[in-house]
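Only one structure is covered here, and it is reproduced in the block below.
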Amino acid sequence: MVIKRLVEEVDELIIGIGSAQLSHTIDNPFTGGERVLMMKEALIEYEVDLSRVYIIPVPDIEMNHVWPRYVSLLTPPFDVVFSGNPLVKRLFMESGFTVRTPPFFNREVYSGKKIRRLMLESGDWEQYVPSSVVRVIKDIRGVERLIEICKSDEVFEGDGK
Amino acid sequence: MVIKRLVEEVDELIIGIGSAQLSHTIDNPFTGGERVLMMKEALIEYEVDLSRVYIIPVPDIEMNHVWPRYVSLLTPPFDVVFSGNPLVKRLFMESGFTVRTPPFFNREVYSGKKIRRLMLESGDWEQYVPSSVVRVIKDIRGVERLIEICKSDEVFEGDGK
Amino acid sequence: MVIKRLVEEVDELIIGIGSAQLSHTIDNPFTGGERVLMMKEALIEYEVDLSRVYIIPVPDIEMNHVWPRYVSLLTPPFDVVFSGNPLVKRLFMESGFTVRTPPFFNREVYSGKKIRRLMLESGDWEQYVPSSVVRVIKDIRGVERLIEICKSDEVFEGDGK
Amino acid sequence: MVIKRLVEEVDELIIGIGSAQLSHTIDNPFTGGERVLMMKEALIEYEVDLSRVYIIPVPDIEMNHVWPRYVSLLTPPFDVVFSGNPLVKRLFMESGFTVRTPPFFNREVYSGKKIRRLMLESGDWEQYVPSSVVRVIKDIRGVERLIEICKSDEVFEGDGK
Amino acid sequence: MVIKRLVEEVDELIIGIGSAQLSHTIDNPFTGGERVLMMKEALIEYEVDLSRVYIIPVPDIEMNHVWPRYVSLLTPPFDVVFSGNPLVKRLFMESGFTVRTPPFFNREVYSGKKIRRLMLESGDWEQYVPSSVVRVIKDIRGVERLIEICKSDEVFEGDGK
Amino acid sequence: MVIKRLVEEVDELIIGIGSAQLSHTIDNPFTGGERVLMMKEALIEYEVDLSRVYIIPVPDIEMNHVWPRYVSLLTPPFDVVFSGNPLVKRLFMESGFTVRTPPFFNREVYSGKKIRRLMLESGDWEQYVPSSVVRVIKDIRGVERLIEICKSDEVFEGDGK
């Protein structure tokens, strides 16, 4: 919904998929590419005009000061950055970008962490996720993957493999 | 044209933009993100159905054996790989992918190397490039950038900075 | 004992030493190479046929999806993967490998974490480790190293140096 | 004060600024370069002879065993290492360097962690920092940065961006 | 033959497989793991005592000054380095290792570059390679791979993928 | 001389030592730290006021677009960039920095490449180098190192180790 609203305000919108190199961890169970797929399907479900949207996976670079410039390496040029994350906002501001907080952001209800916990506890996670994304997660057997990952104690020690 | 033809044959097409981290070199004067932009504009110019296309920048990983798997980390799942490049074909085949050579590929005429040389020699490069891409290159002053890069002898020693 | 049993079942066995680039941390006090040495000495002590075994140090790559393919870059080709770790099993399965759980795995008793704690508390760690490995650890003054590492508060913040 | 004392004992002193690639985290709010600047200003304030001092930013390398050699790649040759950190001392000793503990080190009072906490709680952090460094931190609006960083939950999950 | 001779002179021998992360290039057509396999097979063919030999794949680190220390991270401890390569000898010497030139080294006849050229030109490469290695190369269809790689012009621009 | 002149024009000068991670190659025979040392000695010889100068080793990052921002991560904040290199100038300009060409730059006479060739051919390289730098190069036996490096054919294939 945030994206649907933003697309109406701007000429073109670039959606960055962060930490795109990570997957199979509790915080990032899905690959960058799977998350690109979910986003695309959700945009189609919500009838967002795809000719004005980019979905760009962005692997991490472990240097906060450099990160905004690195994002701009992998994306078409942009003028304004939308984020609700204080660190992200700060970093882009220090890099000279105009930063705005998205129009609404119901973060407690639509929280990834909460949704992943519901998945692990066989709760009703599907109500918080677009139905097209539910379909993708089922196709790739995402809940089963998350449950298996959590059996591993290595997961709690770090993402590293 | 290759892409326009391919889109008709498949359900969805993922276009990978390789060496996405490189820019400002003779072989890769444009950033990964600028190349994503050019591709998107060309697809719109050629009236390709964008709801069935992904454009994904893929930074290099310096391990050929691992590269196809790494590509599949950043892209939605795919079944068939289209490439005319023998090394790329070989690597994806060894990784278990079905590989096909694109339906046509007039590589001598539409060669990046040749087009870049024309840019450097004030030749008529524009005839070999979609007009939407010509517009992007002019917007970002791409020819001027290429000419300046070539004045530097470091360029000839490597991409490194 | 797990390895001794496995070697009887297969033609050749490749033993991967993971996180080989790490050392001097509480979880990985020994270098990849020191761990290779311990493994080799233990195999000799247990009279395993070395002509059918490889011991390969594998540095981390911080991409779970790509990791099994990366392992196969550094090792001779293999058909079956043995692991008791749910994440490792999942990752290799998704990469198309046959995965089996090793025949026995008394993980509570022979736990690295527990043995390292005994080393720190001057407990009787030696009973849980092959005597050839005890010898290597003494040669490289490994217990002294572990104790010194733990005096550093940086250790608790991360592996980084 | 530690440095002032050390400079009197040695011909030349190299001050390494570790984890130089990090910034905008709770533990490392300032860039490597900002920390170089603070150090230089403090040395001038304390009238240390700059012709005998080097200040060298050293980005992390995630391999403890290799780290001392890597430090020596980025710095002029040195004979003695001064550190109060047990891990650092151990690593340099194992690499064949002479290691000494600096003459005094009032670590509880002049603790970075404590000073950063005071900054966050509007406490009197300035008394624990040379006045030249207070000036630098105000110039770059460092306290404001630290407070903003801490609003972000990502900070608590790791340094990564 | 060099290795067979060396094993007689020393207690244990560690064979490092360099640039282990590279493959599918003209200079390094085979993966690190495939080269480990070839080496093991050749040692068995030449009846070298495997209980006194390690074969360790060593990925590149792009820092010459640091490289010998990095090698020692992935290998058991060693006292003497054998190499005929002036750069390798120099680097290990500067890192404090004893360096010796192997007893014989008929490099013109048994040159990798020459053998690869014979493979490409359908020459009699097999006479320069142990028969066990010929078998491995045939099993993995190595000559076919090399020929295909060379059709790609990217190969001539660099190893990168 | 360029630096001596520049220091008179600006408040403070930061001297970046590029490709600081490289050494023992024909183009970069000396480590980043050895080059820092040479620079410091030369500044003292030329009586440059060291309280207004920083010498900062900057390892490479293989992303031209991001490089200027990365440089600013490791250095104190700066307003103006001085360089005679067209690529460097272009990159900093695109990153929003003011760029100026240094007041003079007798590059043909004082060329690193030329000086290194003289070293290799036992020519009179010393006349082109400050006498303090000649002393450093002799102390570290730099000419001998360069000659040995050039005996290795690997040098001609790339910097990699």
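Residue numbering begins at 1 within each chain, and the chains themselves are lettered A, B, C, D, E and F in the order written.
What we mean here is this: a contact is a pair of C-beta atoms (placed from the backbone, for glycine too) under 8 Å apart; a residue touches a chain by one contact, two chains touch by 3 or more.
Worth saying up front: this structure is predicted, and the values here are computed from it rather than measured.
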- Item | Number of steps on the shortest touching-chain route linking subunit C and subunit F | 2
- Note on the structure: When each step joins two chains that touch, the fewest steps from subunit B to subunit F total 1
- Comparison of A-B and A-F (more C-beta pairs in contact): A-B
- In terms of residue numbering, is the interface formed by subunit C and subunit E classified as same (over half shared) or different (under half shared)? same
- Message: Nearest whole angstrom, what separates the Cα centre of subunit C from the Cα centre of subunit D?
- Response: 35
- Task: Find the geometric centre of each of subunit B and subunit C from their Cα atoms only, then give the gap between the two centres in Å, rounded to an integer.
- Result: 42
- Note on the structure: Within subunit A, the set of residues that touch 2 or more other chains is 21, 23, 31, 63, 65, 72-73
- Query: Tell me, which pairs of chains are in touch?
  - Reply: A-B, A-C, A-D, A-F, B-C, B-E, B-F, C-D, C-E, D-E, D-F, E-F
- Query: For subunit D, which residues are in contact with subunit C within the complex?
  - Reply: 18-19, 27, 60-65, 67, 85-91
- Message: Taking the touch rule as given, give the residues of subunit F at its contact with subunit E in the complex, in rising order.
- Response: 21-25, 31, 145, 148-149, 151-152, 154-155, 157, 159-161
- Message: Could you list, by residue number, the parts of subunit F that touch subunit A in their complex?
- Response: 63, 65-66, 69-70, 72-73, 95-96
- Along subunit D, where are the residues that touch subunit F in the complex? 20-21, 23, 31-34, 36-37, 40, 44, 50-51, 54-57, 59, 72-77, 140
